[in-house]
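The structure under discussion is supplied below as C-alpha cells; questions concerning it will follow.
Every chain is named by a letter (A, B, C and D) in the order it is written, and numbering of its residues begins at 1.
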Amino acid sequence: MLDKIGIAKRIAQEVKDRYYVNLGIGIPTLVANYVNKNIEVEFQSENGILGMGAFPYDEDVDADIINAGKQTITTLPGASFFDSATSFSMIRGKHVDLTILGAMEVSDNGDIANWKIPGKMVKGMGGAMDLVASAENIIVAMMHTNKVGESKLLKKCSLPLTGLNCVKKIVTNLAVLEVTSSGFQLLERAPGVSIETIKKATAGRLVVKGEIPEMKIS
Amino acid sequence: MLDKIGIAKRIAQEVKDRYYVNLGIGIPTLVANYVNKNIEVEFQSENGILGMGAFPYDEDVDADIINAGKQTITTLPGASFFDSATSFSMIRGKHVDLTILGAMEVSDNGDIANWKIPGKMVKGMGGAMDLVASAENIIVAMMHTNKVGESKLLKKCSLPLTGLNCVKKIVTNLAVLEVTSSGFQLLERAPGVSIETIKKATAGRLVVKGEIPEMKIS
Amino acid sequence: MINKKLLNAQEALVGIKSEMTIMLGGFGLCGIPENSISELVKLGVKNLTCISNNAGVDDFGLGLLLKDKQIDKMISSYVGENNEFERQMLSGELKVDLIPQGSLAERCRAAKSGIPAFFTPAGYGTEVGEGKESREFNGKMHLMETAFKADFSIVKAWKGDEAGNLIFKGTARNFNPNMCGAAKVTVAEVEELYPAGELDPNEIHVSGIFIQRIFEGKNYEKRIEQRTITNRQC
Amino acid sequence: MINKKLLNAQEALVGIKSEMTIMLGGFGLCGIPENSISELVKLGVKNLTCISNNAGVDDFGLGLLLKDKQIDKMISSYVGENNEFERQMLSGELKVDLIPQGSLAERCRAAKSGIPAFFTPAGYGTEVGEGKESREFNGKMHLMETAFKADFSIVKAWKGDEAGNLIFKGTARNFNPNMCGAAKVTVAEVEELYPAGELDPNEIHVSGIFIQRIFEGKNYEKRIEQRTITNRQC
C-alpha cells in the first residue's frame, strides 16, 4: 500500500520527456519532486506561469510569484508569465500535455467528480473543469477509498461532476488503473497489495487481464 | 469646392479631445496633420500600434515600424505595440472612438461599400469590415461623385457592401452630411458650393432644413 | 497622448455606486487592487456584484467588503479560505455564481474584445452547463458562454504611465489584463506611475486605450497566503 | 526546460508537404518569416493553402511562392500590390478566401485557444456573411466564425530563447503571436536566439509552450513597401 509520497512517485513515472504538465493541489503538487531529472519537463500553473521551479529560499520569497495553490515559488530558466486568458489558451488549446489532479470520485467511463459535495461549503471548481474538459491526458491521484472505507472508483459518480469521460489513468494507494471502454483496467498493484484487495475496494467495473505486476517505486 | 486637403482639414474638426482615432488609407491619413494641437488625441493603426506619430526622418526609418498603409512611421510618448487580435479587441470592443475611412458608395441609411467592384481585381476588405461593424462613430471621407460624375451618395448601394447602417457622417468635396432616419441631412456646404449643386450631386434622399452654413476651414 | 492620471483611489473611484457590477483583478491575494478595495470600504457602497476569481480572506482583499456586507453576489471560480464568506453563503445572504476559471477569464476578454459569445468545452455535462446552450464542434460538446457586462473594472499593475499603459510583475498579472477594457470604466492602480514615454512601447502588457483612470497606489501589503520555502542545505 | 532549438529553416520545416495548410505571420512585408519562405521555395512543395493577412509582392514574401505556383488557395484580408497574384486569381488558377482582418486574427487565436467558434459583428449583411450562421446579441447581428485548422504555423520574432519564448519588435508583431500554437506544429524564426534564462519572464510576448521549433534566421532583408519620411526643416 502506498502513502501519498508513494502515489506521487508512481505518477512521476508517467511524466515523459518534453511534457508540459499541470499539477493540481495536494498529492499532484508532490509529483514535481520525483520526476526523472534527465528528462525535459516544464510545469505550468494556471494562475499564469510556465517553467515553475521549487519553493524559494526564505530570503527570495516574492508575493508576486505564486502557483495556483497560492504557494510562493520560483522560476526556472526559460520561464514565462502570462495572463489568465492566455493560461487557459494553453489548457483549452491542448498545449499542456498532462494534467494530474485529485478526485473525490471517478467512474469506470472516466467521469470525474472533485469539486462539490452537496450540503457542504462549496469552494468552487477553480480551473479543474477547464483542465478536465480539454487535456488529452488526465491522471487522477487519489486514495482508493474514502475515509469511511467506501470505494472512490465507481460505476457512476454520485457527486456533481467536474467532467465527462475524461480520466485516462488513476493512481491510488492500491493500484494503477487505466480507464477503458470495459471499465477500470488494472495495470499494476501497489507493493504488497493483492488483486483481491483491489477488487474489494473497487465498486466500478474492474478488468483484470493476465499477470498484474507490482509497481516499481524507488 | 474642396480638394483632398480641404476634406481632411474639415474632418480634422470632428476629432475631439481624448479621442482614440483609426484613420483609413488615402484622405483619412491626411487628417492627422490638421488636428487641433491643443487637444489630446491618439491614433491607432490596426496592424498593431497606438500612439502613432509623423513619418520618420530619413535616418530613423525602421522597417519594423509601419502603419496599416505599410508606410514607415514613428511613435509618440505613451505609444504601445500589440498583436492583431488585441488590435481588433480595441476596434470590436468599441475602445476606438472614431473611425475615418474612404468609400466608393454610401447609402442614405448609412450602408457603406468600399471594398469590391465586381469584375475588377478585388484587393480585399482588410480591417474595414471590422471597423464599420463596430465603431460608434464613423465618418466617411470621399468625393461627392465618381470620375464619370455619378453620385456616390445613393438611395441604395449598388456595389457589394462593407457594412450596414453604420456611417454617421460624410465629408465630401461639396458638403458635410449626417446620416439620419430621413436620409442625408445637409449640415454644411463647401466654400462656394450651392445647395442646388449638392442636390444635383446627391442621388439618395437629401434633407435640407433651415440655413445651411458654409464650412469654416483654415 | 491622452492623460489618465489621477491622484489616488478616491479620485479614481468617483462614480461607483451601490448595486453596480464591479470586476476586480487578482488571483488569491496576488495582484489585487489593495488601494481601491480600501476605498470601496470607505465609500460604503452596498449590494455590489463582484466578478473576481477569488473572494479574499477574512481580513484582506474582498474579504473586507464581505465583512461589511457590501457584496450581494460573487461571480468567481474559487472562494475557499474565507469563513465570513461561508457564513453569508450558507445563510443565503450572499449569492454565488461559480464559473470555471478559464471561462471566467475568457468571458472578461470577450467583454473587452466585443465578442458577445464563444464556445468552450469546460463544464459541459456538469451543473455549470445547466440552462446553457450546448453544441457539438469536431465531435465534442461545448457550452456557449457570453461576455460579462460590468460597470467598473479595477485592476492592479506593477508599472504604468500617464497614458494608461500597464506592465505587470510575475503572477500578479493573472486576470488583470483580461479585465482591462471589459467594463464601462477601467481603473488601474499601479505601484510605479511614470510620465508617458518612459515605458518601452514593446514591453507594455496592456495598452492605455483599455484604461480610463490610473493612479499610483500606496503602502502595498502584498499579503502571502502560503509562504512555502526551501530550506538551505548547508 | 524543453529545448526547441534547431539550426536553420531546413531543419525547422521538416515534415511540410504539398497540400498542407500553412499559416504565416506578417503584415505586408513587415514581420514575415523570410528564411522559412525561402526554404518553402527550395522545398518546392505545391498546392498549399496559405493563411496570411497579405500575399507579399511580386518578388518578395509570399509572392515568391505564388511565382512558383506553389499556392492553391490564399486565406487573407488584403491581397493588393501583387501582379502575379492578380493574374492567377483572374485566370482561376488561385482560389482566394477574403476574410475581415479582425476575424482572421481572432480565428487564429481561437485555434490556438481551443475555442471552436465565436461571434463577431464584422461582415454581417455582406458577402462575407453568406452561408454563415448569424445571430442577434444585444440588439445587434453577429456572424459565427470558426477556428482555423492548419498543419504548420510559421512565425517571425525579434528575440527568442531555446525554450521557444518569443519577443517581437514594433509592428512586426502583428499576426505572429496569434498564429503561435494555432497549428499542429509552430515554427518560429528569430533574429536573435538566446539560451534559456536570458530573457526576462515578464517581457515574453509568447510562451514557449506554443512553439515546437525555433531557429535563428539569417540575412533579414526587411523590405519596406512605403518608405515615407519627414523632411528636416533646417
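Everything below uses one rule, namely that a contact is a pair of C-beta atoms (placed from the backbone, for glycine too) under 8 Å apart; a residue touches a chain by one contact, two chains touch by 3 or more.
These figures come from a predicted structure and were not determined experimentally.
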Exercise. Going by the contact rule set out at the top, which chains touch both chain B and chain C?
Worked result: D
Exercise. A-D versus B-D: which has more C-beta pairs touching?
Worked result: B-D
For this session: State, to the nearest whole Å, the distance from the C-alpha centre of chain A to the C-alpha centre of chain C.
Result: 28
Exercise. Any idea how many Å lie between the Cα centroids of chain A and chain D?
Worked result: 36
For this session: Starting from the mean Cα coordinates of chain A and chain B, work out the distance between those two points in Å.
Result: 56
Exercise. Where does chain B touch two or more other chains at once, residue-wise?
Worked result: 49, 81-82, 85, 88, 91-92, 134
Exercise. Which residue numbers or ranges of chain D touch two or more of the other chains?
Worked result: 106, 109, 113-115, 120-121, 168-170, 201-202
Seminar exercise, completed: Chains touch one another in the pairs A-C, A-D, B-C, B-D, C-D
Seminar exercise, completed: The answer for chain B against chain D in the complex is residues 45-49, 54-58, 61-73, 81-85, 87-88, 91-92, 116, 121-130, 133-134, 160-164
For this session: Would you mind writing out the residues of chain C in touch with chain D in their complex?
Result: 106, 110, 113-121, 137-138, 142, 146, 167-170, 201-203
Seminar exercise, completed: Seen from chain D, its contact residues with chain A in the complex are 1-3, 109, 111-115, 161-163, 165, 181, 195-197, 201-202, 204, 207-210
Seminar exercise, completed: chain B residues touching chain C in their complex are 18, 20, 40-42, 44, 49-51, 75-82, 85-86, 88-96, 134
For this session: Note which residues of chain C are touching chain A in the complex, please.
Result: 27-31, 53, 76-80, 86, 89-90, 96, 98, 100-106, 108-109, 120-128, 158, 168-178, 205, 222-232
